[in-house]
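Here's the structure, in structure tokens; my notes come after.
By written order: A, B, C, D and E. Residues from 1 in each chain.
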Amino acid sequence: MGRSLKIVGGEVYDPANGVNGAVREICVQDGKIVESCTGAAEIIEARNLVVMPGGVDIHTHIASPAVNAARGFRPEDHRHGLMSKRPGIRSGVGFTVPSTFATGYLYTKMGYTTVMEAANAPIGVRHTHEELIDIPILDKGIYVLMGNNEFILKYLKAGEMEKVKRYVAWLIRSLKGYGIKLVNPGGVEQWKYGKDVESLDDKVYYFDVTPRQILKALSWANESLGLPHPIHLHANRLGIPNNYLTTLETMHALDGSRLHMAHIQFHSYGGENWGGFCSKAVEIAEYINAHPNVTTDIGQVVFGDATTITADGPWQYRLYKLSKNKWYNQDIEVETGCGIVPYVYREKNYVNAIQWAIGLELFLLIRDPWRVFLSTDHPNGGPFIFYPWIIKLLMDKTFRAEMLKRVHKRVLSDTTLPKLDREYTLSEIAIISRAGPARALGLQHKGHLGIGADADIAIYPKDDDREQMFEHPVCVIKDGETVLQEGEIVGSRDGKTLFVIPPEVGEMDPEFKTEFENYYTIEYENFPIDVEDIPNPEAIPAGAAR
Amino acid sequence: MPPVILRVKEAPTGVPLEAESISPDLFADRSREEIEALPVALGNESHRLGDFFQVEGERSDQIEVDGSIPRVKWVGSGMTRGRVVIHGDVGMHAGSYMRGGEILIEGNAADFLGVEMEAGLIRVRGNAGHRAGAAYRGSKFGMRGGIILIEGDVGHEVGAYMRRGLVVIKGNAEDFLGARMAAGTICLFGRAGLRTGGGMQKGMIVCMHPVELLPTFAYDCIYAPIFLRILFKGLKRLGVQPTPQQANGLYRRYHGDLAEIGKGEILIPA
Amino acid sequence: MAESVGVKEVKVIEGVTCPFCGVTCDDLVVHVENGKIKEVKNACVLGKDTFMHHLEGWATPRIQGKPATIDQCIDAAAEILAKAKYPLIYGLDSTELQAQRKSIELADLIGANIDHTSSVCHAPSLQAVQTVGISSCTVGEVKNRADLVIFWGCNPAEAHPRHPSRYSVTAKGLFTPKGKKDRMVIHVDVRPTPTARMADAFIQIKPNSDYEIFSALRALLKGHELDQAEVGGVAIDEWKTLLEKMKSSKFGILYWGMGLTMTRGKYLNIVALLTLTQELNRFTKFQAAPMRGHGNVVGMAQVLTWQTGFPFAVNMSRGYPRFNPGEYSVADLLAHGEVDAALILAADAIGNFPAKMAEHLRSIPMIAVDPKESETTKVATVVIPTAQAGIAAGGMAYRMDHIPLVMKKVVDSPYPSDREVLERIIAKVVAMKNGGNGAPVRAGGARG
Amino acid sequence: MSERRFTLITGRTTKQGRSVHLGKGAREFLDEISTLQMNPKDIEVLGLQEGDQVRLSTRDGSAVVKCKKGDIPQGLVFIAYGGFVNALVGSDTQATGMPNTKGIEVEVERHG
Amino acid sequence: MEINGVPIDQTYAEAFTMYASRVLITAINLRWAMEAARSMAGFGTSVIGCGCEVGIEGTEPQETPDDRPGVRVLLFAPSKKAVQEHLIKRIGQSVMTSPTSACYNDLEAEDRLSVGGKLRFFGDGFQISKRLEPPIIGNGSRPRRFWRIPVMDGEFVVEDRFGVHKGVAGGNFLLLGKELPGALEAAERAIEAMRKVKGVIMPFPGGIVRSGSKVGSRYKFLNASTNTAFCPSLRRQAQSELPEGVGAVLEIVIDGLTPEAVAEAMRVGVRAACGPGVVKISAGNYGGKLGKHQFHLHQLLSS
């Protein structure tokens, strides 16, 4: 450590600090961006290169019991993308569900330095932390699944909101989690007896609470605990024709509160059935444009192999029946579920093609880049390694037109995509892939190159082919150390685990231990994770209650 | 085009040699020196093909291996053209992922022969092991096309997960012949093990001897399927001569597996 | 071992996780006096014996049968492994996650085959999941909801003694407040095992007929009538009755064991079982789960999967991971006589393998890392005794349903942990390969 | 000869699981893994007495163990995992990695 | 030019392009193959009224895909689509229905029409597809797909795709006879010889047409009418091509897979026809306005 370096001559895109392509010198010392280096500094020549903060992925599935189950059950996936060991570099496999080391290297190879693992059952978080140890270079955080937690349902049933808040704080603190994730609130609990919820006002079996109540309660808890990131929501009815109505209703239900809508592409569908499947991107984008409280990531579909992994058990059961592919389901006691189904998105399949188009429509129709983020909901819409391809689609309308010729022709008639002329600028790309997600996560030292920021920096070549450009950074710096040079990982190092320390809002009730042990199968004392068990922790303080 | 002849210098006996570079696609445009320099792996060590084989000839998509190489794996894997003849046994994965051309094995083939092959012809004079023409773990489909002809006996799950193509076995098969096959044709002249066609969706298995069928296969009728005549006429081109009884006779037809969609058929001479 | 004198030091350690089987009970209470285990509460007989007898039959460090220091043994082990062209690393069930993690790093480093006891236990189940998937759940779901529990080809009464009381038979949960009274338990096996005694019904089937039975049940579920009057020695009508029970349950679970994985049909037996239970979800909630686990075998599958993509039978000889049961699985590597050296950690390979496999192991340089003497240590070239994971070394273990739990160290050992031994072997191998000094390398093989 | 053919089941027993902690050389362990459980009628048919030595032969090998009456259907014999089983099990895995360890065809005859 | 004392007009037969396909029908024996073939060729005389022209090309006792006796049928129609439609209809109605039959493509061509691929739906979901690859069906050829459709006597096998290419239709010659019996005898001689030629059919009844036509008519709704120039009874009422002494005219129309086959058929047909009772041989044309092919009688007979 203690390395000093100066990146000179590069065109800097640092939208958080209002820098838009100006040639600036970036100084780094002790892993942070500084005003100027105190001593001799190593010079990195960046003339004719583009300098950006390291990428931040707000929603990806890279480590969890579910992701690992997907790895284990898809050996056929790993025959692509074999990665050989080198001194200091571990071997791996990587396509839709890369192995851990491969995951770290592949993200780094795109200039990404911070990623958020988007769905974790509390009882499996200990596992996830173990996996994160083996994902090198990247800083990582974990969202904890709460939307179907039976304790929360129970407290809601009894109207005990303070208990909800205390329990949420206890979970985040015990698990070293970063944020609150909801997946099909209420629906996954219903799935435990083979059902789902059909609307925001369906009652969940036994607990008699509705998805709407769960949403509002967790949003309230999140805001009153002052957690840096709003609730991260995988809304009800994912993937189902005409779900846009539920999506609009959901956003409306939380009107005014901060809200992150995950992979909104999967929630913007019209049509009464699969035959009538169509895009409702315009309606969804309009709502988001008018409501600054909402941020979203797209969950862009990429053609080819994907592995769908989600806590949304009932949806995965549907997808298994639709696709006739193999199906993995794991329901998790007290907390949530998990389903995995391999899937192939095909250019000539009209549903897949329209899904692809909806993602792009949303990117292009949502006007404020600070509120729409790049994601494929990896690996649900396709693997994250295709981010550069998506960037090219956003920046290059000629390329979009070429793709439009290849995909199912219903995209031409049934979506607005052919009419959309917008092309993203480099600055806008820097926002949707770095500055924006970091801001939405409340990560003040990420996603920008201002003084005091973490020295996570990606330097790209200038290439008119934007896919090539973002696929082949010249150099990637993590915490001030060079980790990638000329396309190769040169310094594998451990990343940090980012977690939030929620405010003290009181201990759990004395009877909680008994209830816990009644319904769980492990000892209450064995549930929390010591911070000592996490090799490189970085605590992120909660903010003020909102 | 005269063939490239590989004379076995020192056949590995313990640690396997992985030699996917023994492929017509790679030999076709290479000089003798270049062929000798092709990489092979002996366990975790890298070697040259020339360390194990004396190379005669060059620039040919016809390859002859002059000797038995039961510990040499991946021969002809993924090949698209030409012909490989092995005058002896060959190791695992011979002709897997093959997309064209022909492999002739004069001895025995080990497991995973022609797994997930797409086209081409593999002919084995001796026996073949488990999973010939089947799938690697996790794949939805096995063999997607092409022909495998085995004159001897075969192991388990031969033709399993098959999606298209033809497997002909003149000898006996062990259990799960054609298990979970999605389509395609298997023709067994010897005796079958248990659970023939277990989990098959569609496709045809012809067994020339009585078979103990799963309870999820249902008897339909005795008849003479015209398609068999087409098939047998084709087999003659490969040198397989069904008896007149087999060629013209009547067959008992069963359909199954009723645990799946049940559109497969098993035909047994009546 | 240090005998303490003077004041008696008494420790009571609660919430201790048992390292013996996949039930992974984490409620053991261990009394330690003067560094010795005096009492173990809450454990089953198997778990209790694991703790109480952990000192019996300890191995000693030696090379070629001659006593040696641990350091000498590590050097000798590193030398064998660094030289090997096609080594095997095997065992790894009765240890903790960090050691397992290191074993994979070692395999990656030396280009080894790595496999673990799953391979000859529930690997067919894993292969079946890779083929068709699985509808499953954690044991808490069974405890809270299951009103129909089927034990098929498994014998928890003898192999997983606390499974029934903690999770599946008498356990009381949210929707099963009356425990056993809220559940129907059915045992299906080729012989009446002690598990039959806790079941409401026992169905005795013919050996090697499971595949036929599951297939028939699936066909019946689809509404087909079958030509046969009986399958597996049981009348079709009886199967229809079972099917009705399955369909009319609110939450059914089928647990299976090695009665299916080890018999003719292997993974395809499980494929038939899994597709049946998946298809039952058209009628009700139905799940299936393997009765896994000697020791922390699930943990090994987990960490191997996240590091290499594959749960067992992994080959690293080409510099990247490959997977192929039937080729890189321990039984086949040995039966084919392919491997030229072996490191056996925390498992008695010679004691458990068919004679032909054991024969090959005896013929090659072999390193045994184990707390206890075994058939393997008896013939190993190098024997490195270690502290027993879960008793004398801490770490993490996975329950059969993939839930991770912390294993506590309850007593000290004069020997290093498995993890430490592996770290030192890795360091030594790296040094030999680089001609360097053998300083320890960090997790993930970090450099710089 | 057909009455001598049985299906061999191997498996865990509590006794084997417990005694293994005493060491693989322990008498309790060796005793458990060298005991064949048979249906009393089968013992009778073979003209055996409980405790008699019997030879088990499979395609892959043979072992001599003592027989004992057990709660097991006719036609099946049971023995706990251990060194004696290993002699009887073959190494072919049908490309699954798992040798046939249960449900093996076995011949049982009096030894000595 | 004269052959056997019969003068040959210095004229040409004008023929046009139609798309051609060739079908091989097999059955348990030749009789049943022929039954199916006849039925398929029925009412396939003229594209004008039938939409296509179909005829039996010949029999194949052995060399069929299933080693059973077979009969070849050629079908001609104005477009690929029409060929496909008529094949589907005729194979569906006449071959599939005929006991023991099977039906194969017998024309290697670039363009291939889905026929079995459409008829398969008759199988109501129980149809089975089978694909055979080069080494099995003969090296160098393309893979062939067959559909097996369950029917009441077992299975009907029909090939998935049938080749189609441009053929020649409307090759012809006219036999001008002194009187009808002699003319008919001559025409029969011609047909017998022509049936030995491969790749052609003579689609009219027995191969012979007596109602030759011309383009147009006095009625607006009709675009062809009787060939007034060759009707003996109209010799003095309309413009006639008939010399004195012609009492009956018969025409032989030839459709062929290639112009060479048509020419060959015409050559052997005219030669066989020339004999006693024949006054002259001529051919029908439209002044070169209609078809792309012209078969000059003198030219092809002198070769």
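Here are a few things to note about the model shown:
Basically, a contact is a pair of C-beta atoms (placed from the backbone, for glycine too) under 8 Å apart; a residue touches a chain by one contact, two chains touch by 3 or more.
Given the structure is predicted, the values throughout are model-derived calculations rather than measurements.
Counted as hops between touching chains, the shortest connection from chain A to chain D is 2. Fewest steps needed to get from chain D to chain E, stepping only to touching chains, is 2. Of all chains displayed, B has the C-alpha centre closest to the centre of the whole protein C-alpha set.
The geometric centre of chain B is 35 Å away from that of chain C, both derived from CA atoms. Put simply, the C-alpha centre of chain A and that of chain C have 33 angstrom between them. If you average the Cα atoms of chain C and of chain E, the two centres end up 75 Å apart.
One simple way to say how far apart two chains are is to compare their mean CA positions; for chain C and chain D this gives 23 Å. Across the assembly, chain C contributes 127, 130-131, 264, 316, 318-319, 323, 325-327 as residues in contact with two or more other chains. Residue numbers of chain B whose C-beta contacts span two or more other chains: 111-112, 130-131, 136-138, 157, 175. Interface note: chains touch in the pairs A-B, A-C, B-C, B-D, B-E, C-D. Of all residues in chain A, only 73-77, 79, 325-326 touch chain B in the complex they form. Listing the residues of chain D that touch chain B in their complex gives 94-95. Residue ranges on chain B touching chain C, taken from their complex, read 14-16, 18, 41-45, 71, 92, 111-112, 130-131, 136-138, 157, 175-176, 179-180, 194-195, 198-199, 214-216, 218-219, 257-260, 262.
Only residues 45-46, 49-50, 52-54, 56-57, 115, 119-120, 123-124, 127, 155, 157-159, 161, 190-192, 194, 204, 207-208, 258-259, 261-264, 266-267, 312-313, 325-327, 329-332, 334-335, 348, 351-358, 372-375 of chain C touch chain D when the two sit together in their complex.
Remark: chain A residues 63, 65, 68-69, 71-75, 77-78, 82-85, 87-93, 97-101, 123-124, 126-127, 130-131, 133-134, 136, 150, 192-194, 206, 317, 320, 326-334, 340-341, 481, 491-494, 518-523, 525-526, 535 touch chain C in the complex.
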